[in-house]
Structure formats: C-alpha cells, structure tokens
Amino acid sequence: MLSAYVPVLIFAVIAVLFAAVTLLLSHLIGQRKPSEDKLMPYECGNVPIGTARERFPIRFYIFAMLFIVFDVEVAFMFPWAVLFQKLGLLGFVEMVIFVTILLLGLLYVWGKGALEWE
Amino acid sequence: MDGFGILSLVTFFPLVGVPLLFLIRRENVELQKQVTLAVMFLDFLFSLYLIMGFDPGEAGFQFVEKRPWIESIGATYFLGIDGISLWLYLLTTFTCPICILSAWRYIDRHVKEFLICMLVLEVGMLGTFCALDLLLFYVFWELMLIPMYFIIGVWGGPRRVYAAIKFVLYTLFGSVLMLAAIIFYYLYVARVTGEYTFDLLKWYQVLPPFGVQIWLFAAFALSFAIKVPMFPFHTWLPDAHVEAPTPGSVILAGILLKMGTYGFIRFAMGLFPHATHASLPLLVVLSIIGVVYGALVSIVQPDVKKLVAFSSVSHLGAVMLGLFALNMQGVEGGIYQMLNHGLSTGALFILVGMLYERRHTRLIKDFGGVAKVMPIFAAFFMITVLSSVGLPGLNGFIGEFLIFLGAFKANPVWTVTAATCVILAAVYLLWMFKRVMFGPIVHDENRNLPDLNAREIGLLVPITIMYLVMGVFPNYFLGKMHASVEAFLDNYHKRVVMNVDRPTQPLALFIGGK
Amino acid sequence: MFVKPEYFFLLVGITLFSIGAIGFLIRRNLIICFMCIELMLNGVNLVFITFSHFLKSAIGMMYVLFVMAIAAAEVAIGLAIILMVFRLTGSVDMDRLNTMKG
Amino acid sequence: MGNFDLVSILPDVILIGFAFALLLAGGFVPSERQVNLNMLAGLGFLMAIVANFIVMGSERISFFNMFMFDNLAGVFRFIFYGVGFLVALLSEPYICGRIRHKGEYYALVTLSSVGMSFMATSYDLIMLVLGLETMSLSVYVLTGLFKTDERSVEASMKYFLLGAFSTAIMLLGIAFIYGALGTTSYGQIVEAYQKMGGEKTGILLAGVGLVLAGVLFKIAAVPFHMWTPDVYEGAPSSVTAFMISGVKAASFVMLIRVFALALKIVVFDLTTVVMLIAAVTMTLGNVTALLQRNVKRMLAYSSIAHAGYILVGFVALNKTGLAAIIFYLVAYALMNIGAFAVLVLFEDRGNYLDQLSGSGFKYPFLGLMMTIFMFSMVGLPPTGGFMGKFYIFKGALEAGYVWLVVLAVLNSAVSAYFYLRVLVYMFFEEFSGAVAPSAQASSVNLTLLITSIGILYLGIFPQSLFALTERCMTYLP
Amino acid sequence: MDIGALVFITVKILVVFGLLMLTVAYLTLLERKVLGHIQIRLGPMYAGWHGILQPIADGIKLFFKEDIITAQADKLFYFLSPALSIVPVLLMFAVIPFGDQTTLFGLLKEPVSLRITGIGIDILFIFALSGLSTYGVVFGGWSQNNKYALLGGVREAAQLISYEVAFTLSVFGVILLSGTLDLYKIVEMQKDVWFIVYQPVGFLIYLTAAVAELKRVPFDLPEAESELVAGFHADYSSMKFAMFFMAEYASIVACSCIGTVLFLGGWNGPGILPPFVWYLLKVFALIFVIIWLRGTYPRLRYDQLMKFGWKFLIPLSFVNIFVTGMIMLLVR
C-alpha cells in the first residue's frame, strides 16, 4: 500500500535537492560586495525606521481563524463526497445541516462586520 | 388527632411568628416583640395540654405521631415524648417566652432578626426533645446551631465572633461524627433486621456486638459530651456563655446543655448498654473532675457571668454523675436537676443581664452594696442563688439529694467527691452574692441604680414560683417520669447482661463484608 | 526485523505525544506550549491511525477527523486567547501570568 | 442501532437553535438594543427543560451507538439546563455594562450546556470528548470574557492551556483503549473486554489510567487541581458560577459514565487510587480554603473539597454512592449559583471578605440567602447540602469505607470555619459602606429565590430526588 | 520494489521534472510575448529569434547576481522560504496524470503510464501541498525584516487561505459526480462527457480561485509592483527571487493541468489527435486564459478581493455543491 508513495518520496528528494543546490550554487557563484546601504531593507527609498517585526492588524487573524474552520470542514467533506452515492439522501441532509451551521457562523461573522476590510 | 398531633403543633407553632414578623414594619420594634412573646406564650399554653394528657402510668412514648418522610431511605417523621423528655420539653416552652421578656431592652438592634432567630431556635430545641427518628433528631439537633450562632455572633459581647465560631466548630465536630455513627448504625440495623429505618424504637431492639457498640457509643458520647459539656470538652462554654447576650445565655444554659444529657439517656446509653457499661469508669471520672474543676474555677472568677458559666460545668457534672449511677434515684435526680439547673442558672443569667443593662459591667469588684439600692432585685437574686446552692425547700435540694442518694448506692466514693459540689457551690455563689449585694457602696455609679420594673418582676416571678413548687411538690414531677425512667433502667439492666460477642476487629463487620 | 514495522508508527506517535507533553511542561512561552499541545494531538492522531490499521477498522480514522476538528477549534480559540494576553501584557511569557496568588 | 432518534436530542436541538438565534442577534442587533437577550436564553433553557420532560423515559441507544438516552442522561440534562437557566438569569445585571457582546455570551452559555448534555448522553468515548470540547471551548472563551481585565485573561489562558493538555492526555488514553479493545463504545467495551478473557493488557491499563487522569483534571481532584483557584477567581463571577456548578456536574457525569458504567471491570483496580485521591482532595481543598480572604477563591478551593466528597460517593461504586453523586451535584449547583448570585451583586473587583462587611443587615434578603447557601455548603440541615452529604456517606458506609467517611465528616466540620467566616463578615461586622450592591435586579432576586427554595426543599423533602437518582442507576445492583 | 523499477521511476521523474522546468522557463517568455502583443508591442526580441533565448539569458543573469541578505534578516527562514514555496508545487506533479498509457508511438515494448504515480487520494494530496505553499509566503515575508515584505506576506497569506477554501470547494462537484479522489479514474469517467458540462459553475469557481491562488491579475494585489514593491519578496534577489518566480509559474502549470484533468476531460478528445496532444492543448489553453486575464483586467482593491472571496465565492461554492448533490439525488 505504501509502495505507491515511493515515487512521491523520490520526487520529494529530487525537488529538495534541486532547491538546495540552486540556492547554494547561486549563493557561492554570485559576487558579494555587501555594504551597509545595500543591506538595508528597502522601503521605497526611505531609511527604514524601527524594526519591521511589528504587529499587524487583527483582521488577518480573523481570516486565519475562519480559514481553519472551513478547511477542517472541507476535510470532513472529502469522505462524504467520495461516498456520496452510497450515503444517499440521509447523508446529503446531514451534510446540509452541517454546512448550514457553519454558514450561520459565516453569517454571524458577516453581520459583525469582520469581513469588511477597513 | 390523626392529622397533626399536639406535638407537631407545639413544635412548629413558633414558626407562625416568622411571617407575622415579616409583615410588621422594621421600625415597629415593640409590636414585633409583643407578637413574638404572644406566639411563644401561646405555644407554652398549648404545651400545657401535654401535662394534662400525659398518662404517668405509661412508660412508653405518648402523643406519638408517625408518618413517612423520606421513603427511599426509611426515614420517618416520628415524634413522641415520654416521662424523660416531657419536662424538658415543657422547660423549653416555659423558658422561651421568659427569654424574650429578658431581651426586651437588652436587644436594641436588628430586633426583628433576633426574634426570628429565637423562634427558629425554639423549633429546633422542641424538635430535638421529641424526635424519635434518628435522622429527624439530627436535623433538629443541627438546626439549633444556626440561630444560636447568630445570637452569639451578632448580639454578643466584644469577643462574640470568636465565641460564636468556637461554639459552632466544637458542636459541629461532635455532631458530624454522630452523623457518621447514625448512618453506620442505620446500615447495621438494616443488615440485622432487613429493614431500613431510623426508628429509635426499632433501633432499641437491636443489640450490636461490643466491638461495634463501643465505636458508635464513642461517636454519640463525644457529641453529647461536647454539648453537656463534660470536662475536657467544656472550653467552648465559658466563651459562649459570657459573650452571648442574656437571652442567648439563658437558652444555652437552660436548654441547650440539657440536650447533651438528654442525648446520653435517650441515645448513647439507651442504644449501647455494653459500651456504656464498659466506659462508665472513664465517664464518671470525667464527671467528677467536671464537678470539682467547675466549682474551683468558679470561685476565682472575677466576672459574675463567667462564674455562673463555670458553675454550669460543675452542675452538669453532677447531673451526669446521677445519670451514670444508673439507678432510680440517680437518674430521676439527674433529670430533676436538669430542670432545676435550667431554671436557676437561667434565672441567674437573667439577673446578671439585668445588672449589666444597668451598669454595663459584670465584674464583681465593680459592685457592692447593690442590695441597698435594689432591694427587690436582691430578693430575687437571693432566692435564685439559694435554689442553685440547693437549699432545702427549694428545688435544687431535691435534685441534688436524689443524685447523691443514687450515686451513693452505686459507689459511695463518687458521692463523697461529688458532695464537694454542694459545698463549693455554696462558697462561690454565696461569696459572690455577698460581694455584689452587701457591703458599702464603693462605686458612685451604683448609688442610683433603678430597681426592677414591672416587666422584670413579671418575668422573674414565674421562675421563683417554680422553685417553690418544685421544691415542695417534687412527687408531682417525679411521678410523671417514674414509669419511663423505670422502663429505661429495666431495659438497660436487662440488655447489659445479655451476651454479645466481642470481635477482635471492631469494624471488621463492614470492612470485610462487602 | 524483530517487530512489525507498524509498531514504529505507534512509537513515533507516542514519541510525538511525549515530546509535546514534555515541551508543554518545561517551556515558558505560551505559543510554544500551545504548539506542544497541537503536537500531542497529532501524536494521538498517529496512534489512532496505527491502531486503525492494526485492527482493520475504519473507526480510528474517523476519530482522526474528529480530533482534527477539535484541534482546529482549539487553535482558533487558543490563539485568540494568547493574542488577548499579548495585547494586555505585551508578553507571551507564562511566568508573567501571576496576577493571582494564594 | 443506527436509528436517527431525533426526538431524543430535541432539547439540544432547541438549544442549538436558540444559540444561533442569540449569536445572530449579537451580530446583527445593535448592542444598545440588546436588552432582552437573557430572556431569550432563559426561554431556550425553559423550552429545553420542558422538552426533556417529554422525551425522558425509556432507555434507548441511537445514532450508531453514539448516544444513550436513559434516566441518568435525563436527570443530568435537567441539571445542565437548570444551571444554564439560572446563570442566564443572574448574568444580565452583571455583564450589562461590562461587556458589549451579550449575544455571544448567552450563545456560549447555551452551547456549552449543549456540550454538557452531549457528555451526559454519550455512549462512546469519542462522543464524550466531543461533548467535552464543545463545553470546554465555550467556557474557555467565557472565562476570558473581560478582555481588559488581566485576571480574566490570565484565567482564560491557564484554563485553556491546562484544559487542552488534559484533553490531549484523555485522547491518548482513548486511543489506547481503542487499540486494546478495538472499540470505544461503552457497551462494546465491556463485551470486547470479556471476549478477550478479561485480560488486563498493559495498553488497556495505560489507556484507562490516562482517561482517568483527564477526567480527574476536569473534576479538579488533587493532584490535578492547580488550575482551579486561579481560573475560578479570575473568571467573571457569573461564569465561575456556571463552571463551578455546570462544568463540575458535567465532569462527574463523565466519571459516572466512563468509569462506573463502561470501564466498570477495569475500574476496580483503580479504586484504591481514587480513594486516596478523594481523601487528599477534600482535605487539601478545605485546608487551603481556610487561608483565603477572597470569597471567590475560597469557593474555588471549597469546590476542590466538594469534589473530594463527591469522589467518596464514586469510590463506594454502589447504587447509593452513585445516586448520591447526582443528588449532591444538584444541591451543590443550587448553592453555588445562589452564592455567586449574591457575589455578583457585590462584585467590584475583588470579592474580598471585608467588602461584605455588615452587608447582611444592610441587605437582609441577600443576607438570608447567603446564610442558607453557606450553611448548605457546610452541610447543616435542613438544607440540600446536608442531605447530599448524608446520602454520599450512606453509600460509602454501605461499601465499608468507614475511615473515608470519618475523614469526610471531620473535613466538613473544618469547612464550617471558612464558610461561616463569610457570615461573620456579613453579619458580625459593622457595615463599612464601601461596597454597595450593584443595581438590584429582579432576575437575580428570582435566581436567589429559586436556588434557596430549591435547597430548602431538597433538605426537607429529598424523597423525590432520592427516588429519581436511584432510578438512574438501574445498571447497578 | 526492485532496483530496476526504482531506476525507471527516477528516470520518469527526471523527465517530468526537466520538461516542467522547460515549460516554466518558456512560460515567462510566453507571458511577455502574449502581454506584448495584447498591448500591441513585440515583447523580448533580442536574445535569439524573437527572443527565444530570453529565458536562458534571464536564468544566467539571475544566477550570477549578488545574493543580498539584508541586515537583521532571519537567516534560516530567509533561506528556507524560497525552497518551501517551490518544493510543494513541484511535488504536485508527482500525482498529476499527463495522459493515458502509451507506448510512445510504438517505441516502447510495454505501455507506460504517463503519470509518475497514483496514490488513490490524489486530490487530497494536491490540496495538502497547495496549502503548504502558504508557509513559504509567510516565512519569506517575515524573515526579511522589511515592513513591506511583512505586510505583503501577511496579505498574501490571507488571500491564499481565503481562496484556498473556495478552491477546494470548487472541486467537490467533480468528486460528487465521480465518487473518487483518483485523478486517473476521474479522467476515465470523462470519456463521453467532460465534467465542465455538468459543472460549469464549479469550473468558473475553480478558475477564479485558481487565479487568486496564483496571485495573478486581477487578484495580484499582494505583490503589486506599483504598490507593494513586489510584496513578500521585496528584498529577495538572485536565485532566491528566481525560485519564487519559478514556483509561481510552476503553479500556473499545475493549476492548468489539474483544471484540465478535473473539468476538461484530461487527454480525452476526438481521435484526430493523440491523447497527449489533446492534453497539452487544453493545458495551454488554460495557461493562455490566465495570461490573457492579466492583459485585460484591472487589479481589485484588497477589500474587494477579500469580500469577493468570502461573501461571494465561498457561499457560491456551497450552493454549487448542494445543487449538484440535489440534482444527482433526483436523477438517480
């Protein structure tokens, strides 16, 4: 059963090797003349102020949360979808209920205005 | 009376006062007191019916009411009184109105709450004396704690918080163990008879092996000994009595302490004769120590109230001694002395309270020559002190005489030791009386003390009459309790000679046999 | 081979769980503690799948989905709480959580 | 077995519906117009209670062996919905003005009640965990309700981390049980175990041990109790009331379901352990409670002690003991909700004892109520607390654990000290005037009335509940 | 598995890999040419005939560029993120089928499958990998210590995960119809009718979400050159930058391949052309559409972008799924 994954593994090794070798080569080959100005982060020509590792809007976080919820939901839907023809009407109704509950959640987030940017 | 018996009526009647008090406006303090007094007095009148209806020839319980309460565990609502509890029951209904009268001026804040506490307290006390179902008994027994806690804690003296908590914790420690013992015995009875019941009468018919008896007796006895209080467990008493307000002290000394002794007769000794028999030496020694110790400590007390409190330890020791004599005179004397103590010590607390209301001090050295300014007070005080000392012709004499008679029959040595009680009582009480009432008036504040008013006289008169009645016609009282005491003793002596096995592992019965 | 290769999966699962548990107990950074819990849950998942394979029953795999859902819900709420802590105290150090004592 | 017994979960369906209604109301109705949301939540709980009355009765297993509806589940549902109802009642004046998200608050209370109900009806370990998480996740959020209060956030964080940790441990235990027996359904566990010849494999014992650890954590038994005081103190008072009554009851239904019913055979090996845990739990809880000056924290430690008492009933593992657990939980829920209903009125950052000084006479009704609740906690008659203790001790003595009962009664005597200290401050101290109760709200008064009458009723006429709880335990001799 | 099979598979992988790299390289040229012609200009013309050597020149140039690591950059993640973004994309090709079994016009004795492997849950695998690429974006944005990069990275991550949901959901119509996650079987089922006929809405959603996933116009806001100076890879240079670039173009190829397989019948087509050619035609048609969009549409605002994803695309996907399911139940 697992033997089907062997090619995937080989492919992964090749892909990783490719990435590593390319990065390494360019790092070695490319000329290096570092200077203070060059190593400064680019901020549209201005001198950067402070650290860049600042906090960013909470809004991103809300989307991340929503994503997790829906992504896991999708994980539940995969087996359902594959077996859809066997499960028949009952399975369909159950999934409708399941999704409706989640969509109500989406509706709530919508109503709270969390989906509005700015 | 098939629906609700007279006992239910008397026991729960005080509760009628609670909604009435809620209806009265907070400011109308006088009316609140009057209503409470009326309720309690009515209750007393109802209870008089018990005397009239009581059949002295009948040894068993009378006015019995029994109805299911918690079916699934076999607990019943089971009330009844016999000769032993009859007078204690009446003492309660008699004392409570007097307490309210004594509190008339003493309690000046949160009056409504105080009155409610008193009413609930009366229910608890009455229930304790007439409950014949162990669970019901326990409920009433603990129910008293709650109002008493508040009475000491809210209306008490400067160290009231400490005293209230000490009182509750001491009592609770004993009683929770009793609860464990009650459940244990309940399950034991069920195992033996196959019937789940808390019925005291059915419990009497079971005689557990000694190994079981001794533990259960220990738990019961500890609880009652704390309440009495017997010698090493008495330390809560001075605090509670001294810090409690006058009515609280009266109830404590007059009735609550009797519950311990009552519990001994009814439950600890009644249920576990072998264990009682085995532990008699210890108990008697503790009683005698209590008698002497209480008296000696009383002598050196500078505070009148504390003196009276410690005298209770001494007196109750004598009562216990009478009970442990386990003969007719001893037990009857013990019960009689309980009543006497209830009256006279109660009265002493009331009198001390009256002094305190006037002078706001209770130290003996602050008084002197009070008899000159308060002659009526002095007269009442004198009679009460003499009653407490045991002057022939007054009630105290009968009780003490009977106790000594009984104790002498059982073991003369006890009596000799205990007789010091009377002598020492005379010493501390009369000496105190002399220092307070006679001599020159050294403190100017004492010169203008008002004498007793009508209310105060009114509340002392019934007590004084009772001294005389009980001193002159003891047979009326003893006659009613005679049959029951005899039955108790018969039962005890019959059962104590029965053979019970003594398992080496006392609780093996339960731990092994799942 | 002395043991079935499947045992290694079990071993890996339990090892993951243990790493998570130990990490949870010794690290003081809230985020790391939180991720350790996720690691534990994933260890549990692996154990479930392995047993499912042992026993030839699909229930174990179904449970993995449930555990994933639980983990996801915990992520959502846990991160929100950590965020709240950070906004309030400016730190994600567990030792800073000591307002209450006694 | 695979029947979709929708009727049986009707109360939960109703509650879920209400939860969504509340949630959407929280989302769409402007916050200044969200006045009657507690009424809506209360209505939901009432309807659920009524529905539970209707569906309670015969015993059925449905939803592919996932749910079991029996008297036990029915009674516990009453507890959960009742707790939810009372908490919804007492919350309004407390959270009003403190938070903006009222709809969410009530929705979370409702949802976590649903989770509890699922725990009570679960017939499969995984269903149990799902119910547990539904409950816990909601409560984690509720704990951190006051986003700007450091203690609330801290409590939430601690509760979450430790709660998630314990869930993970429990899940590993379930995985082990699954691996050992090939099933996680209660009925099949016993069958599979017997089919295996009753062999106690290491992996099975490890699984049972891990699940037990997880359950004991939720119960807050020593040594898994460390989170309790901080969480209960830091959480908003109304939420603490919810946790201390509802969540605790749910944790115990877990114990009864899993260990007394499903893993009954295995659990006998663990009795000694649980017995010791019970003994240590009640003693430690009481002793530490003696030192507290914060009423909420004191009640938190006392909840540990009470967990110890209840565990005594579990150690007995007989019909009486387990039935007593239910009775005790009912009484315990009532008195705690009542006590917290009083506390929320006095809440002004702290709940310290001296803030209650003299309030008993200043507000006689609250004083009377607190008196009833505190005496019930001590276990004095005529209150439900007494009857609960009585019942527990009866069960334990029937099973022969005399020393445990003696320890328990001594502990309850000790506990009198700190419970009565609340009354000392309320009645024996002069009124300081420092803290006046926040606006007297009729809904809180209603809560107080219901709880106090309930406690007295249970203390004086316990018969009906005794009988009901015993009917829950038809599985045991 | 014996050594011979392993070698064979390795060779197959290397062939696919090489072809892919070639395609990616010339895709850049294709895009510039197409865009150029759309804008009525010629595009690259110097390197070779019509700029045919331009990609190679670009590659060499990038290879020799200085590899700048800005101050205070987090070295580990700085190096890791280019690799993290390209490896998952490449791995997708491990399960994508490119055609039926073939003997390469009789060159081989035994028919060879034109896919590297089939694992039965191909779709799940692909979506798992597509989720992984978000890490590259976030780590890359964060590691550079550059505000623009950080913001770009976060925005891009938010966009990716938002459209990831719709992207995944769009496929469910196909899964419902086919009842399998195996791409090969899905293609087999489309012998007669392509799924686009049953799933027109699903295909449109797929295409939209894919374009968003690929960060292409009109959803290319996170890396808009004119606004966010190329987004999360602002400070990347040399081959690292090229790596991100390659990942993007490889993704285009992957998305087109998957779209072809799922909706356009894969290598199925009228017999006038060999299956593999059909497959390539469809793939390049999709690629062309994606490039075409860039030449035609303006860029969305970020708020519009998120709103469109959550308020329109995701609900629509659900509706699509349930309508599909309902019709299937009714028809049966």
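We just call them A, B, C, D and E in the order they show up, numbering each chain from 1.
Everything that follows uses one rule, which is that a contact is a pair of C-beta atoms (placed from the backbone, for glycine too) under 8 Å apart; a residue touches a chain by one contact, two chains touch by 3 or more.
This is a predicted model, so every value here is computed, not measured.
**Student:** Which contact partners do subunit A and subunit D have in common?
**Tutor:** The shared contacts of subunit A and subunit D, listed by label, come to C.
**Student:** Would you mind naming the chains that touch subunit C and likewise touch subunit E?
**Tutor:** A
**Student:** Measuring centre to centre, with centres taken as mean CA positions, what chain is farthest from subunit B?
**Tutor:** Computed centres place E farthest from subunit B.
**Student:** Report the chain ID whose CA centroid sits closest to the centroid of the full protein CA set.
**Tutor:** When every chain is reduced to its C-alpha mean, the one closest to the whole-protein mean is D.
**Student:** Between subunit A and subunit E, what distance separates the C-alpha centroids? Give it in angstrom.
**Tutor:** That pair's centroid distance is 15 Å.
**Student:** Roughly how far is subunit B from subunit E, centre to centre by C-alpha average, rounded to an integer in Å?
**Tutor:** Subunit B and subunit E have C-alpha centres separated by 94 Å.
**Student:** Compute the distance, rounded to whole Å, between the mean C-alpha positions of subunit A and subunit C.
**Tutor:** About 20 Å separates the centre of subunit A from that of subunit C.
**Student:** Based only on mean CA positions, could you tell me how far subunit D sits from subunit E in angstrom?
**Tutor:** Here the centre of subunit E sits 53 Å away from the centre of subunit D.
**Student:** Two-or-more-chain contact residues of subunit D, please, as numbers and ranges.
**Tutor:** none
**Student:** Which positions in subunit E are in touch with at least two other chains?
**Tutor:** In subunit E, no residue touches two or more other chains.
**Student:** So which bits of subunit A are touching at least two other chains?
**Tutor:** As it turns out, subunit A has residues touching two or more other chains at 64, 71, 110.
**Student:** If you go through all the chains, which pairs of them touch?
**Tutor:** The complete list of chain pairs in contact reads A-C, A-D, A-E, B-D, C-D.
**Student:** Which of the residues in subunit D end up touching subunit B in this complex?
**Tutor:** Against subunit B, the touching part of subunit D is residues 361, 364, 371, 375, 378-382, 386, 390, 393-394, 397-400, 402, 405-406, 409-410, 412-413, 416-417, 420-421, 423-424, 427-428, 461-463, 466-467, 470.
**Student:** Spell out the part of subunit A that touches subunit D in their complex, as residue ranges.
**Tutor:** 90, 101, 104-105, 107-112
**Student:** Under the definition above, what is the set of subunit B residues touching subunit D in their complex?
**Tutor:** 69-73, 110, 113, 135, 138-139, 142-143, 145-146, 149-150, 153-154, 160-161, 164-165, 168-169, 172-173, 176-177, 179-180, 183-184, 186-187, 507, 510-514
**Student:** Which residues of subunit A touch subunit E in the complex?
**Tutor:** Of all residues in subunit A, those touching subunit E are 3-8, 10-12, 14-16, 18-20, 22-23, 25-27, 29-34, 36, 38-44, 48, 51-54, 56, 60, 63-64, 66-67, 70-71, 74, 77-78, 81-85, 88-89, 92, 95-96, 99, 103, 106, 110, 115-118.
**Student:** In the complex formed with subunit D, which residues of subunit C make contact?
**Tutor:** Subunit C residues touching subunit D: 14, 17, 20-21, 24, 30, 33-34, 37, 40-41, 43-44, 47-48, 50-51, 54-55, 57, 59-60, 63, 66-67, 70, 73-74, 77-78, 80-82, 84-85, 88-89, 97, 99-100, 102.
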